[in-house]
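Same chain, two partners: subunit A is paired with subunit B first, then with subunit C.
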Partner chain A sequence: MIESKNNLKAWLYLAPALILLGLFTFYPLFNAFFLAFVKDFNSITRSTHGMDGYAFVLFDNFSRVFKSPDFGQAVKNTAVIMLVSVPASIITALVISVALNSIKRFQGFLQTVFFLPYVTNSIAIGMTFAFIFHSDYGLVNMFLGWFGVNPITWVGPGASWEAGMTALLIYTVWGGLAFKILVFLSGLQSIDKQYYDAAKIDATPRGRVFSKITVPLLSPMIAYITITSFIGAAKAYSTIIGMFGASLGPEGNANAFITFVGLIYDALEKGTIGAYSVAASAAIVLFLFTFMFTLINMWVSKKRVHY
Partner chain B sequence: MENVNSNNKNYRNKELMAKILVYTFLIGFGLFVILPFYWMVLTSLKSAEAIIAKPPILWLWPNEWELSNFKDAITAVPYFRFMLNTVVVAIFATIGTIITTVLAAFAFARLEFKGRDTLFMFMLATMMIPGEMYVITNYMTISKIPLSGLFVDGGYSLLANQTWGMSIIALTLPFMTSVFYMFFLRQSFKQIPNELYYAAKVDGTTDFKYLLKIMVPIAKPTIITITILNAMGTWNAYIWPRLVANKEIFRLVTNGLRGAAHVDELGRPIFEEQMAATLIVTLPLLIVFLLLKKYIMRGVSRSGIKG
Partner chain C sequence: MEIKLQSLTKVFVAKDKKETVAVNNMDITIPSGKLIGLLGPSGCGKSTTLYMIAGLLEPTAGKIYFGDEDVTNTPPELRGIGLVFQNYALYPHMTVAQNIMFPLENIKVPKAEALERAQEMADLVGIGELMNRKPKELSGGQQQRVAIARALVKKPRVLLLDEPLSNLDARLRLQTREEIKRIQRETGITTIFVTHDQEEAMSISDEIVLMEAGIKQQVGVPQDVYDQPDNLFVAKFLGTPPINTFAGKLEAGKIMLAGHNIGKVESKTNQEVLIGIRPEGFNVVEKSKLSLPIYMVETIGRDTALIIKDPNDEAKTFRAIVDSSHRIKPGDTVNFAIKPDKLYVFNKDTGELVK
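Coming up: the complex of A and B.
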């Protein structure tokens, strides 16, 4: 009797959250899988085009994702962002954190400075970076000019893919540092000082202390950051809008920097017949991809991570 | 004796060198982090002539500041109106989120009921799913809420003939709860000793009163952190408002930045005006951060939201 009363009460407390989650999280999840298999989905009639109900297909919507004209470009851009920006920002953040942890004076101040990129708007800062990389009035070309390098068109009309991607990657690394430094530093501060004292007595060189003490003891944080960063980079989108605008590319070369998530929103905003199914299929592929990363990372860190 | 002395001196010299290196490195990277902010502020204060100066002007005295850029920016795009929309959306979404997550977290932390752990695991699992998977269906839901047969025939659209109130509902409704914050609050609630609960029970306090008078005040730091993170999320929201705010004046601050505004008659960007706009959008966030640094950094290091 008491238990069933308790049961009812618990569900009452849960009800507001569950209703909202049901409508905006659980149902959309189910519906994404449903849409991915509907033939010619018409977003206005909410049925298969020209029919009252639904007709189903097996892989058509998925193959439309793979065959879409921007698919290759999107995969290439997303892969480059993941493979370059993630390791670069993790290593940079790690070195900065170790350096920060070794000092006393100005530590708090510098920590605040390094955290600033986190609290900014990725579109606003993307636009600022675009101007820093401006071919005529930008800081980067001025700096390169001191070394006799001719002005490079980084993000403006006529920018090459390599130049635009370089600028985008620098911005991405800049934006990714804050969170990583915060996590690494709090990890470093929780490492027992005894290890370092022992190393000091043995006069162990700094490099060895770093690779044999710091990195192994920090490995849970490194593993966690690696997973979240890869997933975050796989979903890159607003950084590109910030830097290149809603056309996702320099003027005259729209979609040059489209990412996988860009494909999803492109389809969703088109809203043509079947477009929602393409968006849903692309979202499912993205989910499977990020999920695979989570699994691989969990497996690798089980083997390597030192707790 | 002499030998020991010189060794000691050598060691101290080495330490000093290392210190200088570490500080140089940190200050160098600190400047890299601050540079975009500086460039944003500087550019927003430049006159049209100063913008195109070559090499770029790196410093402006106050008498050279062109404050009219800010006036131009808010004339081109109604940022203050967007800020009002953003603040209203942030308030409603945050109040909703706090109510639903506090109630649900209480049930998960304090009450015993059938299927509690299974349900909780199931909810946590949804955190691995990329938001892009929800957006498609949520957009469909908002554009045609399936109330067919209940109140309106064929469904009610929050997008057609949109009023301000409707836009606020469309912008907030899917964000009135959060699995992550539920998890975050549950952790805080679980740290409250059981004895407090039993003592309150003996005194005849109801569960709801106990939650409101004891648990919520104790978990106040967590609730403050949730409020700030939620408000920051709304401030940076770009994609959802672009999809569902159907009239220009209903949009949120970030949407104004990468619209068609801030360009001259030929469609070329007016950089000083653009940067004034990005500063208008960035500044409130930075002020909030500097005032509430402790809560934000604590919350972020425990959350890992934002890719």
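Coming up: the complex of A and C.
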């Protein structure tokens, strides 16, 4: 048993972390749940508008979220980002990791190259990508031009949703690669080499080595990356700012790429009466949605993951 | 399938260009259908030799033949070998059945046939009831049998085992080595069994290959090698308790230990030598010139171990094993005669047996 006089010391050591967590995580968390049920919240008086205290509603703030003009667009964009970028980036990262793990020369150098995006600011990368996809002097159009493709407006004024989304997805996939490769590589390096020797002796074709040995043995890492990536994609926002700016869309088509988190910030920015409650409700909806998604993920991985 | 190693050499070159000669100019012929024990102390190059035969390591020099076929440059999957790794390397995410079937699925054997052959093999090694378990739900001995079944299921020409018993406890080890012997007899497959345990190698092998520091020391039937060691290393490595060695002399064909004549040799040259006497080579007799004081006595059932002061050096002791019918107490002085077939003379410098 731990002696009780040591408890005080323990709490003392924990205090800085607990205070910061309380201030910036737990308080806002509970506050959001609280605000979501306050009627006509006035952010200046910090009470229900025209009252001294609070009046409560059950679904009003939530229904304002669902009725917001951008709600449909936000759901669509978020869903597309989640369902396309996550599988695409996981598969790409897996292939690159396996390739990196099997080469001997330049391995360290290439690992650094692939890891760089992780330590680079995502807004800066977004701006670089906006330039790469520039319709007049972007690299992508130049490259496509070699094959006789007419310049496409990817992100500039008048860009179509499809073109913009393609650019955004490529950027999102690329931006997420670094961390995934890092995790997969360390996973690959911890797999006992004897499994591969055994496979070699048993004349296992390459594809089968990958699908029957590497992937199952890496499955805990894949499950971890899948869950965190889905959560990350559900929260996509800064990537869109980086690419399209604060208007969340190409010029003349603002909010074309709004996401669920975009919806929250939009409401916060308006600052009108009740806007904070709408933002809080939207955040709760997003939370419930990611929570459900994670449960499904965990349920699937329980059947497929070998620990 | 007869296996022939011809001047097989493996040199590892480290990053700092340091060279390790793991296997040095090995010449061995392994007869078809036999179980061969590859024996030697840790780090002597046993695994390296085995992996070169398997094709997982490329020899620096020399050749490997399976029968008349030169397989030196054949990739492992085309050599027709089964390999059991030291820690089995069973795929942890597959069931026993899936593990055993894996090599068959690789060569596209139809599922039903693969399952049937896997079951047959599992029955042979005595794990037929465990087909749906995962490796971590098996005991060490059971895992080892799965590994053997997986190695045998594709009917390899050669079975290679790398210290397969080293992870097992003493009892399981005894039991499993009998099992390996039985499986090898039933299948008649040429088998190489790596171990650093001399007793294991002696009991299981048709022939043993003894190596040290990458160099082959002696090849032969275990009892022959034990009885006729070519050199001091071989004599010391085989037998528990190990052989006793004493500094001695050859004088006109007589073997002299501390001034006593204990035997004779053909060679008439006078020289200083190392005398080796197996612990069981001492006879207790009524009268002899070699009478030694007993320091300690350990009776272990049938035998009595006598711990005796070294006649050359009072500070050292050695061990003799005699019949426990002799009632000997510590402090007694006992007369010994040395059994000629348990007495060896080695060159003092090279360790070679002096004829």
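Simple rule for what comes next: the second predicted complex is superposed on the first by the 302 of 307 C-alpha atoms of A that agree within 3 Å, B and C clash if a C-alpha of one lies under 4 Å from a C-alpha of the other, contacts with A are read in each partner's own complex, and residues count from 1 in each chain.
One rule holds in what follows: a contact is a pair of C-beta atoms (placed from the backbone, for glycine too) under 8 Å apart; a residue touches a chain by one contact, two chains touch by 3 or more.
This one's a predicted model, so the numbers in the text were calculated from it and none came from an experiment.
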| item | value |
| --- | --- |
| Overlay on subunit A: subunit C relative to subunit B, clash or fit | fit |
| First (subunit B), second (subunit C), both or neither touched by A:283 | first |
| Partner chain(s) touched by A:63 [first = subunit B, second = subunit C, both, neither] | neither |
| Which superposed partner A:201 touches (first subunit B, second subunit C, both, neither) | second |
| Touching partner for A:232 - first (subunit B), second (subunit C), both, neither | first |
| First, second, both or neither for A:272, with subunit B first and subunit C second | neither |
| Subunit C versus subunit B, contacts on subunit A by residue | B |
| Subunit B versus subunit C as contact partner of A:190, first or second or both or neither | neither |
| Touching partner for A:213 - first (subunit B), second (subunit C), both, neither | second |
| Subunit C, subunit A and subunit B - angle at the middle CA centre, rounded to the nearest 10 degrees | 80 |
| First, second, both or neither for A:118, with subunit B first and subunit C second | first |
| Lowest C-alpha to C-alpha distance for subunit C against subunit B (Å) | 5 |
| In the complex with subunit B, residue positions of subunit A that touch it | 3, 6-7, 9-11, 13-14, 16-18, 20-21, 23-29, 31-32, 35, 43, 46, 92, 95-96, 99-100, 102-103, 110, 112-125, 127-129, 131-132, 134, 136-139, 142, 145, 174, 177, 179, 182-183, 186, 206, 224, 228-229, 231-233, 235-238, 241-242, 245-246, 261, 264-265, 268-269, 276, 279-280, 283-284, 286-287, 290-291, 294 |
| Contact set on subunit A toward subunit C in their complex | 192, 194-195, 197-198, 200-205, 208, 212-213, 216-217, 219, 306 |
| Residue numbers on subunit C that touch subunit A, as the complex places them | 54-56, 75-78, 81-83, 85, 87, 89, 91-93, 102-103, 105-107, 150, 154 |
| Residues of subunit B defined as touching subunit A within the complex | 18-19, 22-23, 25-26, 29-30, 32-37, 39-40, 43, 51-56, 99-101, 103-104, 106-107, 111-114, 116, 119, 123, 126, 128-130, 132-141, 144, 173-174, 176-177, 179, 182, 207, 232, 235-236, 238-239, 243, 253-254, 257-258, 271, 274-275, 277-278, 281-282, 285-286, 288-289, 293, 296-297, 300-301, 304, 306-307 |
